[in-house]
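Per-chain numbering from 1; labels A, B and C assigned in written order.
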Amino acid sequence: MGTPRLISAAVRDVQCGEDVVVVQPCNLYECSLGSHCRVGPFVEIQKGVVIGERTKIQSHTFVCELVTIGSDCFIGHGVMFINDLFQAGGPARGDTTKWRSTRIGNGVSIGSNATILPVSIADGVVVGAGAVVTRDLTERGIYAGNPARLLRRL
Amino acid sequence: MGTPRLISAAVRDVQCGEDVVVVQPCNLYECSLGSHCRVGPFVEIQKGVVIGERTKIQSHTFVCELVTIGSDCFIGHGVMFINDLFQAGGPARGDTTKWRSTRIGNGVSIGSNATILPVSIADGVVVGAGAVVTRDLTERGIYAGNPARLLRRL
Amino acid sequence: MGTPRLISAAVRDVQCGEDVVVVQPCNLYECSLGSHCRVGPFVEIQKGVVIGERTKIQSHTFVCELVTIGSDCFIGHGVMFINDLFQAGGPARGDTTKWRSTRIGNGVSIGSNATILPVSIADGVVVGAGAVVTRDLTERGIYAGNPARLLRRL
């Protein structure tokens, strides 16, 4: 019988611009936040993530390695980003060459509880709440559903 | 290079009845909880929210401004409420006149990971786990899916 | 006017093997974690849950009573397990005889934001991100969607 080793979530080694506010508890490490970013409570942002200026990351959201988010984005509550597609029938288990990247443009809005697989999302796209984004969204518009489909152009 | 300003989630300025229990860490502020309410950990409830007696708010749930929840409701884990429909193609960015309200009746049960857009939900309605509710639910019944549809009447 | 009674999430009465790591804040109580398990931040695991060796439970996930998870599983971020189907038109409200159990086999991978109703999932199954699993998954394969359907065999 062992006892678990307890580590604490923390905000550490975060590169950031001016006027960045983070509501703890959060687990943010080795990532970069542009000036005037806001990060809500219960958020995890992993190493290597780069987030542009004035972008808001709302509560309960998870941003994994290999994600880049532009400026003036709004990432809702409970949004989960993904870098591992389980392509070999299971997780990469540390083989990061199997992970894929995500690139979110500028002025993108992502609704709460959305799930974002490794894709590219164009500037100004709106992703509806609860959507599961499985493909690149290259055209400016509003997308929703599981899997996410274009509802209308913007 | 700046350093982030760190704020801590807290339970502050909460009006509440008798026998209310909150599991921290939570971020609850300027809201009202009826007697005998229970709130799980990792929950955020924003200002102006009113919650009736004996209602349970489970872990990981986010209740935004302009939401009213009745008595004897069960709000599952990871439920996200929404007040901003991105109707101008993006978030209201502080213009709260663009937000819309949500009214949850009495005895409503909402399954875990459900997403609730600004709607009205009638007394006694059951929303299935993982549902995305995009329209008013005026008839007593069980609703599920994305978008949520009536499965059967109650 | 009352004041809420504040309880703190904690890691308490957890049976565990060797080399188990938990990132706090977490709410883990009266459960069992096999050797080499990893548990991310903002996780709740309720009493009676049994988790096998080398299984990873990622951030923001909720594992309710009556869930058993095998060895070498990967449970993504924001995954919600459910034991109450609201079968009487609402929650069991403490009548645990109405709850149903979930059994997850070995080597199962569950994508982020998935919702798992009380079901049995066979060894080696992959559940896609954002899926809502409403039925037993007895055949090894990849399942996705709301409700989850077989995408392809493995």
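Definition applied: a residue touches a chain if its C-beta (ideal position, glycine included) is under 8 Å from a C-beta of that chain, and two chains touch if they have at least 3 such contacts.
Nothing here was measured: the structure is a model prediction, and the numbers come from that model.
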Exercise for the section: Mind checking the rotation angle between the two copies, subunit A and subunit B? C-alpha superposition, nearest 5 degrees is fine. Expected result: 120
Practice task
Pick same or different for copies subunit B and subunit C, depending on whether their interface residues overlap by over half.
Solution key: different
Handout entry: Whole-Å separation of chain centres (CA-atom averages), subunit B against subunit C
Key = 22
Fill in the blank from the handout: So subunit A residues touching two or more other chains come to 25, 42, 60, 78, 113, 146
Practice task
Note which residues of subunit A are touching subunit B in the complex, please.
Solution key: 11, 14-25, 33, 35, 39-42, 56, 58-60, 74, 76-78, 107, 109, 111-113, 124, 126, 129-130, 142, 145-146, 154
Completion exercise
As the complex stands, subunit A meets subunit C at residues 1-9, 25, 27, 42, 44, 60, 62, 78, 80, 82, 86, 89-91, 113, 115, 117, 132, 146-147
